[in-house]
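Going by the order they are written in, the chains are A, B, C and D; count residues from 1 in each one.
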């Protein structure tokens, strides 16, 4: 398979470059008779849209989505849903000075080695612009999942500054431009990022995405485990370098009795006394919250001069101008939510196929 | 797809439960005329085999592999290769006392919720025994990759004790029962694990797998990125809770200039001055070493009593007897190597398909 | 998988309804650096376009294709190619009188049973309009195959009137509106179809597609045989009810010695003395011409009144007005060629993956 | 994908050569808690077994199937089911005289061109022996479909002699060694085949497979149409050269009003007045019987000398000895039934995934 498709039953294919006329996504496998309007998708795209604070790229993209197929009289028909977003603010001139040299940390060099050519105009398919298609697909996935499953993301670390988990308040994420759940942290991040931006540098981040209300039984043994598919989905988001579920890497330092989530009956239902598993055991959801975290590296496009080589094999120095996110991790929050929604929707349909009543 | 298959072109399907008569793997998509004998596979299975030190389960399995199809006169024919391993030491009586209650941290509960039944005899498909099939597939993958690509794994942390990376010596991994690359650490781990075992507890671990000699160009944008496929492959290994590439989660705390690997020409070739990317940019290999780490949670089967529930909805206490690994992470090293080999072989074939000369 | 995607490595996904704003196709897996311009695709779309003679529907669609992604400076980049065709002549009023009753022989009833709804405006995804996307994908496939492989289709039967194979002349197909290779038959077909049209009826057809220059070695045992994939690809074209390879159904009546194509050396190369196999043995191409035929049923939309039922369960009579092809098989010729091209391109890439030098 | 796997949700992978130690199939995606014993599978294998009359190969294979995984206490568990059949009667000496020359009509030449080698011992994967794995998978598929769906096959033509459809009696198929539904035809076929056998020749056949009780709604637009998947499944059976649905190729000569199946209400249900569609419209089942026919070419292995070439490029003459079916189509009947069952089971699960209550 050629690589621009994700999912088995809820299955989407994205297309489009950052500097072409448009980008889009074909969402296939959506059951019929689900209400779906452009506004349902636009809502989530607006959350990802750049240029909403000084901490994200100043590229101005309205990101207006159009539904070109797959619905009739406000409902899905079971046929493929094509969502298209036109590129408005392309400004390809910004990239001319880097057309023949490879930006360290960027996909330039790898694409050039693989394909023998470069679309230097802004990353092409490797651009973060591709993630708008993911968010659009995720909006459809949320409709498939229905209102009983809530997916929320938060930024839990920028650079070396992690949130205080004891202070976690989901309501806080709407009150700051960082999706930060710790009410005291945004001020500190703002100050930190202002410094990063002024110095022409960039910062990394860690995002946590939580799905509540997920029924037990989603996920397939052995290679299509729910956590395996989530790991893949998150790792394919631009700039992600690590993914963990529940306690994640910290589990390595726990003892067996600390890590294993004990169970008790509570009001006639099974209750877990902790959630180190992140809601997944043996690759299958348990009914607890699904908890995924992923690390985003600092933006590779920085103003500081870096040593690199050019396509002719010369040592050169590069400075990347243009409009970039000082911390690309901020805009990754809605993208991580979308990937969670898509993976869950796929496994929900797969579970139904073998008789799961979900 | 039903979940027991991995890969697009180099593609394997595993079957078998820990307490059935045998387990096996069908490896499809192997090019013809590659020399392959049972000994090529047995070599790697022997490294994974339990019972080789007091730090792994005492289950005694010879793990003798048989090639039942796909080769002729010592070479692959291009047809599916079926590898079968008989289960010898099954002792299902060990599991009778847990037949109706759910072991915390185990897949018992999730399987029961999903499938409405339990094969209580030892984990069924969720057993670590399934990983022998992965190692067998990995052995075939190494033949597809050829001698130019070397894949090695090491244990870099047990419980809270991490190796000193400055002391890394690949030769050391053969000198201790832990695949430990830090010559001074095995004594400390041995002492730590003896204490863990005596107390009826268990320990987690972190494994690092490195592939050297991988050509640039492997990996497909956007959803079939090499790192995405590696993340999925590693996360589907039993008990894995986190995966990272290169600098991984630590990248979140670095600045853009620290994280981006600069490039210089060295002897007519491109050389990177660091490898925070772990050999992958934009989802595509760069020619640097591919570096993956994954975290294994502590074994869930412990002697200490734990609170849980049974299938009838009663609060109960469970003690898991039987032969278990105090640190299942030790035996995960050859498994991680095998998954790396399989993912690389798949992408090598995929790259060839579009004309890549590798 | 959701059903709107075809192929493993050369892989396309189509979207769009006959009465929506546009239709399109995302072609993924195309190798980089292949010259591709809109004119390359338009050429083949023009051949399929309706309204070019009085024997096809009078719907007027310019079918102008736009390349929205996947090329740069006139060459493919290896990223997904999105081709979009706007629907111009929609006239959905034509379909109002059939909105609540099921047209015999149409997909109306099956869609309604499956999805619980109807997009009565003209067939939705089941419309022959979808085949424009196939032709666009096929145009890209031809570029992947290169100039050494020539794919041509011909109409060999309309209603009961079959061509005289002894009179076969490929040059003739450009001289008549039927792609007819028998110079004497078009006059007869024209007379026959005029009668069919006047009586408000319709006619079926048989199409033959031949691929010359296909190298030996394409096709995978056992379930991805080249003929299996061709059969599926052709059978999924609207209104197709049968597919055969080489001698096809006639082979059932031959003796073993009549049917088996003998071989001799001719100028240092293997030559077959006949081609009952249609160029495929054991699912793999032999180097002979690939020969596929498929039968298209008569158009279901006819003026004659037919007995049917409506969505409320009443017996009713239906007359289908609107602009329909009296013989939809005519326009199926370029579609069959396109499907041949797509299947061959997919297997060409798959063969390269295991080292085939094609 | 490598080609030895079929299906999306009900998904099986076969392995094994005709002259290796065993053959087998891994069936993945079977829902849990379906009763399944070896006898359920053996029943169908016994029907395909060779050597049961003088009209099939005299190779003696007991074809004893073993379930090696995927069931527990007589029920499926949801994990992959591995079915293995040992090869008993291998006699590879029979094939020595053809080791270096290509049998006309056989896959020998194509495999040699593709893979650069030959397993001359009897066809390897291209042997009809592989179809035993299909029958085993089909037996599992029937259990997934449940008792409400009945699948039966019949031989409707041997050589030039077709049955009288007016005389069709399903009960007759158990009374003769040909699965012939026309009580008067077996005597004629017997006489015909005796002549064929004595002359060292072989005969082709046409098989019809009918599935009754299939609910409306199975099949996915556009490329995963039910008829498309059936066409592929049947065409991949050894020696099949044509597939048709319902009226098939004969539909090309019908008028629109003859071909379209009219509908009336009968006892509150929709009834079709004919079944030219073969139970499928727009790629989706309508609730009518699914009717598929396929043509099998005459066995290529015949005693008569044929002209061919050898691997060194010499013109030679070949005579194929050994034990072959004079009409391989006879044993194709249970294989066709099995493929029908597998395709329907796959689409049944897929329909459930989008909410279909079947």
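Observations, loosely collected:
Please note the rule applied: a contact is a pair of C-beta atoms (placed from the backbone, for glycine too) under 8 Å apart; a residue touches a chain by one contact, two chains touch by 3 or more.
What you are looking at is a predicted structure, and each value in this text was computed from that prediction instead of being measured.
Placing every chain at the mean of its C-alpha atoms, the farthest one from subunit A is found to be D. Comparing chain pairs B-C and A-C, the larger number of C-beta contacts belongs to A-C. Remark: subunit C and subunit D have CA centroids separated by 26 Å (rounded to whole angstrom). As a whole-number value, the distance joining the C-alpha centres of subunit B and subunit C reads 46 Å. Centre-to-centre, using mean CA coordinates, subunit A is 39 Å away from subunit C. Among all residues of subunit D, those that touch two or more other chains are 1-5, 8-9, 14, 29, 32, 78-79, 114, 125, 221.
The touching residues of subunit D, counted against subunit A in their complex, run 8-9, 29, 31-32, 78-79, 221, 349-350, 352-355.
Within the complex formed with subunit D, the subunit C residues making contact are 1-6, 8, 14, 102-111, 113-114, 125-126, 130, 157, 159-160, 196, 201-206, 216-217, 219-225, 227-236, 240-265, 268, 270, 273, 276-278, 280-287, 295-302, 304, 306-309, 313-315, 329, 351, 356. Subunit D contributes residues 1-5, 8-11, 13-17, 20-24, 26, 28-30, 32-33, 68-70, 72, 75, 77-82, 114-117, 119, 124-125 to its touches with subunit B in the complex.
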